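What follows are several structures.
Shared between the two complexes below is subunit A, which pairs with subunit B and subunit C, respectively.
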Partner chain A sequence: MSELFPRKQIMGFVFSLVLTAAALTVYFLHLSFAQGMAVLLITAFVQALLQLVVFMHAGETKDKWIIYGKVYFMIAMALITVFGTLLIFLWDM
Partner chain B sequence: MDFFDRFAIPNPSIAIYASMVAIGLTVVAIIAGLTYFKKWGYLWREWLTTVDHKRIGIMYLISALIMLFRGGVDAIMLRAQLAVPDNKLLDPQHYNEVFSTHGVIMVMFMAMPFIFAFMNYVVPLQIGARDVAFPRLNALSFWLFFFGAMLFNISFVIGGSPDAGWTSYFPLAGNDLSPHVGTNYYMMAIQISGIGSLMTGINMITTIFKMRAPGMTLMKMPMFTWSVLVTNLIIVTVFPVITVALAMGTMDRLFGTHFFATTNGGMDMLWANLFWVWGHPEVYILILPAFGLYSEIISTFSGRNLYGYKSMVASMVIISALSCMVWAHHFFTMGQGALANSFFSITTMMIAVPTGVKIFNWLFTLWKGKIRFTVPMLYSLGFIPLFVIGGVTGVMLAMSAADYQYHNTMFLVAHFHNTIIPGVVFAMLAGLTYYWPKMFGFMLNERIGKWAFWLLSIGFCLAFFPMYITGLDGQARRMYTYSEATGYGPLNMLSFVGAGVMAISFALIVYNVYYSVRYSPRNIGADPWDARSLEWATHTPVPEYNFAIEPHVASSEAFWDAKKKGHELFPGKVEKIHMPNSSGVPFIMSAIFFVFGFSMIFSLWIPAIISLIGIFACMAHRSFENDHGRYISVKEIEETETKLRGVN
Partner chain C sequence: MKVDHTLPLEYSTKQNGMNIFGFWVFLAAEIMLFATLFTSYFTLEHRTGSGPSGAEIFEIAPVLIETFVLLTSSFTIGLGVHAMRIGRKKAMMTFFVITLLLGLVFLGFEIDEFITYIHEGATLQTSAFTAMLMTTLGTHGLHVTFGLFWGTAILLQVKKRGLTPETANKSFIFSLYWHFLDVVWIFIFSFIYLKGMM
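Up next is the complex of A and B:
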């Protein structure tokens, strides 16, 4: 019976609900802007990774390095874009 | 009548009324022709509903050529207006609209479909696949592009064209300074076709990673396939940025938000930033498949394998990463400090290194080769020196201090045309000539093709080299006229003559198609160029299933090895083949997208909501549809094979 029970998926679902609730506290707890953004950013990225690994089955096939490779590439490019924009508009404007 | 006033052209002229009549007559002629020759059913069954990558590729190709004509007419109008000082041919508003649409059409609706045409047609053949990974999605990509392009093209007869440049910078593109609907067209049309491009990106990456023939490891893929893989990786990385930027711009214009406004916490410079985060990688999206085509062509017509395969792959991967780190060089003069400008200067100059590696690899491929001067080869050989000039002036522009002199002058215009025309347009025309026999079963006439090449190259030099000089003398881009005292007159006249020569060359290419349809021999076999990669190993015309037996590959030039070294390309026997079914849903869904875009542009909310529901209904239909494709039986395959083999 235990091998039929989708333990991983149930755990993932519960954890994603917890992450959503944690993000929601930013609204109710009147955090400062920096604290609020920190909570939102962390929960958002963990949530995205959770969805990718648990529910979109990344890492379950032999060619998982392709999927992860693309994810790392995209994350690197996104970070470059964000920090480059900050450099242009905030740190050196 | 108030309702219909919004569709009126804000700045009508005789030229626009004439185009309205011309468009009306063309539509009537097409409908009448299809009805008279009873081709509606054929059109629907064989083309509008097809999911075959080869037919989709050909439709991309036809669209690209039509858009090349439209963008070319725009270019001639621009050069005619600037040919003499104080010219009155176009009024300033009309000039603004023409240069804006020229840029958008050439980049989004000419160059993009041109590269998609070759991606679609060639990549599955080159990797020995039966189709792309998601054939239905592929059809949707094409029709989204097509209806986006049509939406953009009706702007100049209904409501007015965008006039804020192809970059459409805010605040100029905002409601205050661009009150008429033109910029709405820009936002919606690029959005719709951009979604299609993003889908193609996902589709091609999956196809290349998952559907290669047995034995074809990543490092045994032909160079064009490699370039397409890297290109689509960039597409998937950066197209979401333009999607979001366009959505924000649309909300600014239609719903009164202030993302790019100068008031209420908006930031107009953020548009320029987001636009170029997408826009700079976009030019590499255009040039990398061109590099791939050149690699195939140069290696075929030198009779040699490509020099430095690994360094070619490495340089493309490095270019793809660097291309996302240089965007600020488009606005060095916007006001950021020396540190930011220096950073982006250096990354920009670094791109010259991998590009230089590629240039040397092509030269070494030519070295001691048995070179055949065919038309595709002429374009490739013309590309090398002309593109180097464009690259060197690019490094000049990359120096941020010096850029204050070049910025927004004709020097810049000369530079990017100098990279895009010999880089992309030459590659597309070379690819067109090279793959024409595979697509249509006969070759284009070499003699006329060579005339077209020489006229295009000479016309190009005449048209754009003078702009380097007038640019350094201070002629600004996007100015509709200049006074005689500036002294720009003679060189601009020379540019106009060059543009005319390029137009003659385009006419020759069209004539070449007509001439070759009538007179070219049809018994050319499957491999007329004595080529090297897998797409030439199947029959001409290519059967629906591409390869009767799955090819087995042991090198990046499998077909060459099969011809010269006796490598067994098709071991095994014919088995039944699983193929996808045709579907009309992509066409219908994209047509609804067109209605949606049009309604949004004119703020017609009720039709916009209804068509949005229609779009979701199409997606729901797909989700619940039970379509397992169909099988082609062994008997049918063997009949087709016998028939096609008879030709050879």
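Up next is the complex of A and C:
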């Protein structure tokens, strides 16, 4: 039975719950907007990285750098799209 | 087809490896799809018109349950892939069934949430904010719904044909899709709900 529950996956799950709990502090504590956003940005991106490496097995085959390259490039594009638009439409720069 | 036994079953042929890489390319495109939805949401989230704002309609309890259920389903499908790699078909199928059931629970809560919003006067046509909120949440929910059908179809194939390079490959690719939906949900949870209630 125990061979069905590898340590790596259980640790990954526990860590993802801890990150969710950490993100919840922005709801229960009275943080400033900047502090709250800092907490959310860190917990969300660490959580995404955790899923990518632990659960999606992104780094285990020999095409790992093509996969990581592709995903990181798209994340960069996504961030440019989101923050570029905010810069123009919301922050009036 | 040449089968390489040093690799896990889902990677064991050249075609399998390419299928998995192809799916990563698709997921990268999905990142952009959700990026544009988030972009529009952030741009329009304060345009509430005469309708309610996020802080007025968001409730922490159902959102927390949805998050916990989806995180757990991501964990159980990870265990399913692990069971598949050690050749335990029955355990793998059990974990996949649990995953799909959790997906169904998630969907139930999300539909209930939508019905609540509509009763509170936040429909797709109320304001720019509610339109973008429902489009973003709805796109994710639609992906989960599609995943339920896809996952069920794969389970039926595994049951009928056993763990072959083809069925293992399909199961693994489905697990990638499911984890991706969990990642998207984490961003919805953080930057739509928690940010809105902060």
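Throughout what follows, the second predicted complex is superposed on the first by the 84 of 93 C-alpha atoms of A that agree within 3 Å, B and C clash if a C-alpha of one lies under 4 Å from a C-alpha of the other, contacts with A are read in each partner's own complex, and residues count from 1 in each chain.
FYI, a contact is a pair of C-beta atoms (placed from the backbone, for glycine too) under 8 Å apart; a residue touches a chain by one contact, two chains touch by 3 or more.
Being a predicted model, the structure only gives us computed values, none of them experimental.
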* Putting subunit B and subunit C on the same copy of subunit A, do they fit or clash? -> clash
* To do: Mind working out whether A:31 is in touch with subunit B, subunit C, both or neither, as first, second, both or neither?
  => second
* Quick one: classify A:74 as touching subunit B (first), subunit C (second), both or neither. => both
* To do: Determine, under the contact definition given at the top, whether A:5 touches first (subunit B), second (subunit C), both, or neither.
  => second
* Name the contact category of A:63: first (subunit B only), second (subunit C only), both, or neither. => both
* **subunit B or subunit C, by number of subunit A residues touched** => C
* To do: Using the touch definition from the top, say if A:87 reaches subunit B (first), subunit C (second), both or neither.
  => first
* Asked: Touching A:17 in the superposition: subunit B (first), subunit C (second), both, neither?
  -> second
* Kindly classify A:51 by the partners it touches after superposition: subunit B alone (first), subunit C alone (second), both, or neither? => second
* Asked: Between 109-117, 235-243 or 343-351, which subunit B stretch has C-alpha clashes with subunit C?
  -> 235-243
* Asked: For subunit A, what residues appear in both contact lists, the one with subunit B and the one with subunit C?
  -> 63, 66, 70, 73-74, 77, 81, 85, 89
* State the interface residues of subunit A toward subunit C in the complex, per the touch definition above. => 3-6, 9, 12-13, 16-17, 20, 23-24, 26-27, 31, 33, 36-37, 40, 43-44, 47-48, 51-52, 54-57, 61, 63, 66-67, 70-71, 73-75, 77-79, 81-82, 85-86, 89-90
* Residues of subunit C defined as touching subunit A within the complex -> 7, 11, 17, 20-21, 24-25, 27-29, 31-32, 34-36, 38-39, 42-43, 60, 64, 67-68, 71-72, 74-75, 77-79, 81-83, 86, 88, 91, 175-176, 179-180, 182-183, 186-187, 189-191, 194-195, 197-198
* Considering the complex alone, what residue numbers of subunit A touch subunit B? -> 63, 66, 70, 73-74, 76-77, 80-81, 84-85, 87-89, 91-93
* Contact footprint of subunit A on subunit B as seen in their complex -> 205, 209-210, 233, 236-238, 241, 267, 269-270, 273, 277, 321, 324-325, 327-328, 335-340, 343-344
